[in-house]
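Next, two complexes with chain A in common: one pairs it with chain B, the other with chain C.
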Partner chain A sequence: MTTQRTSGRRKQAMAATAVVAALLTTAACGGGGKDDNSGSKTGAAGFDAANNKVAQASLVKKGGELKFAASQDADSWDTTRGYYGFMWNFSRYYSRQLVTYKPEPGKAGAQITPDLATGLAKVSDDGKTYTYTLRDGATWEDGKPITSQDIKYGIERVWAQDVLSGGPIYLKDVLDPKGEYKGPYKDTSKDHLGLKAIETPDAKTIIFKLPAANSDFEYMLGLTSASPVRQDKDTKSKYGLKPFSSGPYKFESYDPGKDLVLVRNTAWKAASDPIRKAYPDKISIKFFTNANDLDSRLIAGDYDLDIGQTGLQAQGRATALKEHKANVDNPTSGYIRYAVFPQSVKPFDNIHCRNAVIYGADHVSLQTARGGPVAGGDIGTNMLPPSVPGSEGQKYDPYQLATANKNGNVAKAKEELKACGQPNGFKTTIAVRNNRPTEVATATSLQASLKKVGIDADIDQYDGSQTSGIIGSPSNVKKKGYGIIIMGWGADFSSVQGFGLPLWDSKYILQSGNNNFGLIKDKAIDGLFDQYNTTLDDAGKAKIATDINHKVMEGGYYLPFVFEKYINWRSNRLANVYTTDGYSGVYDFVNLGLKSTK
Partner chain B sequence: MGHRTDSGGPRSRSGPRAVLAYLIRRLFAAAVMLVVIIVVVFCIFFLVPKWAGVDPALSFVGKQADPAAVEAIRVKLGLGDPIYSQVWEFFKGIFTGRTYAAGGDVTHCSAPCFGYSFRSEQAIWPVLTDRLPVTLSLALGAAVLWLLFGVSAGVLSALKRGSLWDRGAMVIALAGVSLPIYFTGLLSLAIFSYGLGWIDAQYVPIEQSFTGWLGGMILPWITLAFLYAAMYARITRATMLEILGEDYIRTARAKGLKEQTVIGKHAMRSTMTPILTMLGMDLGALIGGAILTETTFSLPGLGQAVLNGIKNQDLPIILGVTLITSLAVLLANLVVDVLYAVIDPRVRLS
Partner chain C sequence: MTAPLHEPTAETAPSAAEEAALAGAEAKAVQGRSLGRIAWERLKRDRLALAGGMVVVLLVLVAMFAPLIAGQDPDAYHENLIDPLFGTPKGSLGGVSADHYFGVEPVSGRDIFARIVYGARISLLVGFLSALVAVVLGTVLGILAGFFGGWVDSAVSRVMDGLLAFPQLLFIIALVSVMPNQMLGLTGTGVRLFVMILVIGFFGWPYIGRVVRGQTLSLREREYVEAARSLGAGRLYILFKELLPNLVAPIIVYTTMMIPTNILTEAALSFLGVGVKPPTSSWGQMLSAAIDYYDSDPMYMVVPGLAIFITVLAFNLFGDGVRDALDPKGSR
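Our next item is the complex of A and B:
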């Protein structure tokens, strides 16, 4: 009797467990596409269908609400202050620039094309003067024309770092390297347009006069921080709460951390804008705090895509790949995940000790810790992301990290240890952000493989939100004995300068907010960056980028983990979807459309 | 009764004046405690990082920390001033408002100014008052459920000690206490929202749609109440069992009082004392932000605000929510103390 009752209960429990498991497995089946990879005409486009190519462009309809979901808000929606990648991508809905990225998939999307300007710059022979003429018909949301003075004022705001901090400052460094201009809020000239490096002879012409040539200058003008801002609409530090639109959409409402809604800017004229198709009537962002909930709602079809574009979480990823593979793309992002060795911490001042770590590491294990080849990325073999011109991808593998030494080479590592005078190994500390579980996993993996070669590494999980103050301070790094720092980096714009200048040029070793963690002071690298600035042809620039990457790898300053990849979701409703190298391999937001206006 | 009403000494000590005096005493203590909390929290946020060699100003600026930006933040927030001066400015701001100025940009924060977030460019007080109703509705709604089910289950378990009901209720209670909210929350979402699609479970403000709001709150209420009901059931059962063994209960029964009166009037009154204590503390803490529940269900309450604040190193918002939490705990305890005085005359007299 007892046995029978127990058995009955067990059966009930098993049945209940099975029901819950089935529900969990099939949860959120409403919005996904077919289970196969191939996709369909009306449903999902297919696995990787929008990766470097346009998916379902012919199905797009004008109208409807494009729904973004987000796990965090932007750092700022102010065009001068935003630095998050998704903010730059999204800001093209409400801001325009003289030039911008081509609205095309893949590598072509990282090329600069005219936006407010009628054409690319007329560049003087010495590469120091850039002249643009503005297009007709471009207006602000109140219908007034966008003038060259508005563009100059918008760029001048970058100088007001004391009020508008946070955004990129390339333009400030290039146009005013001595820091003579104090920004428009301290500008005593009548029109507050006192920056000498920019001239606006009339409302349609703008001329940039660079003290020294910089061949990436047009990339810098393509940044969101080069957007026009109208002086009478500048609310200074509060501008990000409601930027005044120069694009096809304008802010209807914004509640920080809760939601943001854009509606059509009726003053925008399609004829004046060669970039933006402006398909949806309305664009909304809903902010979530639970990334798993966000993924489930994406998969359920409540939202169209994740604005962060950093991939689904493990749970959502498993469901998506198993049940809705036709709804995902697996692009290579512009990010490299790596370990870097500060030379101020002994024995990492010795290249052989650095090499010992590079050879001793198990690269497959590091890749697995990052999520494996699909969700984590290909094994990183050098320090230039595949999307940057001049990159050779995995073909350049000086340490054979993806081939012969992919599981670590203990013998070679021990040889290097002998060469650096540490035949029995040494002790060091791995510094890793405590709010990045994947990075902590890579630190653990590295620690385990280094133990095999006699390198005893402690892991210090520091406060990840204090990164710039902790590992960005070389004196603190030395004091704490951080011999290995785990980090990741993506390009601000698609060039070796946009990726590597803050990491590798000795001029960028800062006492706070430093990103040249390796403390690289290599005259050859500095010289190559200088040479790059004055080289105007693309082939020449790519060659220098390759050379810089080689020099960095020859120095043994870095142990690359992966060329990062993502698993990104696109809903069945989306049409005209494509990834672009212009925004680190994610979807180009500005031309997304819907198949149905409902 | 008339005789007691007109009586002297003891009555005056336990009358309205005594309660008022008690209340004033408690309010004064609460105010002092709040000041101490502000000072301690200030030191934790603005002094301790300095000792650790981290400049708090750096956390307010972006990826490329321009020295001008760091200095401006230092000026705006008065981070270079001595800590007592910063605390004083903060106190002053609560009553008179505050003006932050640097680099030609002036930001005014109206009274009551509980600080200003230079991350989201918002004064803290409106953020708190905007998010408080969400947290309040979560905490109160869940409290109603857990009191209803937790206390009832506890009482019934105590009365039917050793029965199948008792065992079953305590096993469920054990599960409720053991299972973390992010598990039960995610499970409920997976089943009722993503799976069966019965409940949308996305927060909608009540002024937009009552049914939408109800749909968004029901799962968080149940999830939160499941945890607390379990705790309350166990406490209620234990207390009730202890009280049922007291002499005065035996006397009441011996006097021939109905069992309903013995339980409802005598036993429950004593049982409610520890329940009230718990309720006060729990509600206070929850009003400060049920972080896990709000995160799991993406509810835009104080818990979500503080979590975002932690992620973004937005110290003013963390400070603001911490103060609200402290205030809520203090107030809840004050209310509980007053209710004690109502329920138990010994408290008034002590």
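Our next item is the complex of A and C:
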């Protein structure tokens, strides 16, 4: 089923995405009121005031212009093509889906809730049939109702990868694993609705028939790529310049790379939408080319927040933490930064040599290289992000990376080297993207600490935009002798499948665009993933996620660096701000409001 | 017959060149003042040039004895000196202390003094060797073009025009990123250095080539060449015994001017991330890393910036002095 896209573009997408999590699920009270105490009425809400809880909900005034700043444009604003995390988050302003993430802080924000549908899916016992009924009153920006056919057509567009490339293709993989349907543009049936896996018996009913069960299917329907698109408004590859709105805002103007303005969609009715509050009158994005410039404009108060949500740069971070601490939140992202050891490169075929690197590394130094405990994140101790159900966070630390061995354990590393038959150490190569200074910094740190145990590592900085062809090609990895690959990974949706399937399942070892860098071929792990697909209850799914994580760590394939964190800026004007795990720990854009309409 | 300069060829470092020139001049002091002697006398009076020359000699010594001077491993991490919240050094002025004269690097805590000292090796190595490549190529091709004229001249001149118009920085960036990690028995930084020296030198030769060609064009018509020719001297003899010695002056001048340019190019390449590889230190790479900390740890940016500035200034002052000394009628 699902293949997680792995092109350079996707990596960019993931980087552009901020991330998430929910260490402390202080069961955030959705309401508001209470949390307002920490900040003033006109000033900032306080440090971490919006992290996994709602800040200043009661101060919202309807109206005004919400101003985003961005250091880069989205990959596409077309609902089918966007893969950047901030695009998914932002698209809720102009696009609705059958189901979507709950507009709630923290963990609750990663749960699926009905949007265009009246309720969650009626799922058949075998987990293969999903039936939805549509809500009344939901309309397009020209006032016509949104029908089940519009939803089907929007989903069918995912099949037209030749014209509409770039977006996630989970739906295509799950509904049509053999690739029989050719997409709506090559569809010869009269209404271009030839996809057999989706049935629309009437305008209000839509039925999905899966060839094989997948317990994460509803998450996939919550992705932006499952948005409805109206056939007569489909401008194909140009759709991203002006998508036809089904949400509370519509495109007024868009100049790619310069600015984008959304205004109220007067045809949208609040009564038809349980999710969107639609506080501001106008929403704008200004695109910058220099991230440091953007940070200083944010801090100056010219803009409300950074759409990228990847955190402030080192410079802005220092200023913000020293002078404007009440304006920042420090959420955990769903990202794990790590090193992985391809088993095809000797001597990493031997688990003891892999362990030697894990024990030899100085984890505090790696954490500092990532930005320290606040801006970088907590020391990573296993391979499941804290926000994914089934994760145990730092409590599961089989190598004691965050405790006894946090500064590296030279004695233990040398023991492992002996067990591996390389008592004097060995030579290897660290592969790292050249366009990521923090990754290069972690590589340099690893190199320095490995030198102490006798492992002589050379650093090869490859072209970061060519990731899928360089480290994504197992034969190239072997040829170049990349014994250690430095990477980062975040989930498209919050489950062990959304995070780990492409990384750990042997079926996902690809000749190009591979992400199973460790070349893990473990029947137990493969079996657990299969079992996961047919397990429908949440507790059962979480248990399997925990088991998979343990199997992966026991294999010694990975050296996790950090459970990533960010320092994100929020302006004094913002109200009703909260981070959500649904979009990897960043602010939930859709319900942001302003304290003053001026 | 004009007396040829008794100076070694430009392949030797300028510091050695002046000493040799001095020695040569003294030896023949009785016979009257040679051109080299006159030049040396002039150079001695130019204090700025002398100061520049002394800094250059000092830098060469620093680079040669880097391990002794640095006193510690430039790649050793000192996390305990770093504030984990901001990644910047603890203490004032970027963590300046008795152990770390110039402070330590943000994030890693590596000693900046040691890295600057070791970085001088990279800068000077690339600066000198790439100038050597340019001088050898430029002299040989320039002299051939000027002496033979005709199609040889046309071919060499067109190639020079082409190379001068070539965007060398972009070319090197592209080349380095496709370079293998291992080549000719070199690995990592070795490969990068080799490629940088070769490419910077290769794109630098037309500057020398043009000057040498022009000089050769005018020199080959002089009477002493005519005389040698009529006495039955072969072409090679005329090229290397009659013409080359008279080209030494402009070659030396252009070499001293080229070295600082090459040092800057190396710094720029390292700044852009295509220079030497970590953990090897280089001034350009340090400057590039310092950008993120210009506000919170300005010392980190000032130190490598000053190192580059002083080095380039010293070479330029010295080069200017040498030019004035050898060619007092030149523009100025």
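For this structure, a couple of remarks:
Simple rule for what comes next: the second predicted complex is superposed on the first by the 560 of 598 C-alpha atoms of A that agree within 3 Å, B and C clash if a C-alpha of one lies under 4 Å from a C-alpha of the other, contacts with A are read in each partner's own complex, and residues count from 1 in each chain.
Please note the rule applied: contacts are C-beta pairs under 8 Å (C-beta built on N, C-alpha and C of every residue); 3 or more make two chains touch, one makes a residue touch a chain.
Owing to the predicted nature of the structure, the values given are computational and were not obtained by experimental measurement.
In the superposition on chain A, A:Leu262 contacts neither chain B nor chain C. Residue contacts after overlaying the shared chain place A:Ile525 against neither chain B nor chain C. Contacts of A:Gln313 after superposition: chain C is touched, whereas chain B is not reached.
By the touch criterion defined above, A:Val340 reaches neither chain B nor chain C.
Shared-chain residue A:Val453: touches no atom of chain B or chain C.
In the overlay built on the shared chain, the residue A:Ala117 is in contact with neither chain B nor chain C. Shared-chain residue A:Ile379: touches no atom of chain B or chain C. After overlaying the two complexes on the shared chain, residue contacts for A:Ile484 are found with neither chain B nor chain C. The touching residues of chain A, when paired with chain C in their complex, are 313-315, 317-319, 321, 362, 364-365, 367-369, 371-375, 429, 434, 437, 440-441, 443-445, 447-449, 451, 458-461, 463, 480.
Chain A makes touch with chain B in their complex at residues 20, 23-24, 26-28, 30, 72-73, 75, 81, 83, 160-163, 165-169, 183, 185-186, 236-238, 240-241, 256-258, 287-290, 292-294, 296-297, 299-300, 302, 435, 465-466, 468-470, 472-473, 476, 479, 502, 510, 512-513. Across the complex, chain C meets chain A through its residues 75-77, 79, 82, 84-88, 107-108, 177, 181, 187-188, 273, 277-279, 289, 292-296. Partner chain A is touched in their complex by these residues of chain B: 49, 53-55, 58-66, 68-73, 102-105, 107, 118-122, 186-187, 189-191, 193-197, 202, 294-298, 300, 304-305, 307-308, 310-313.
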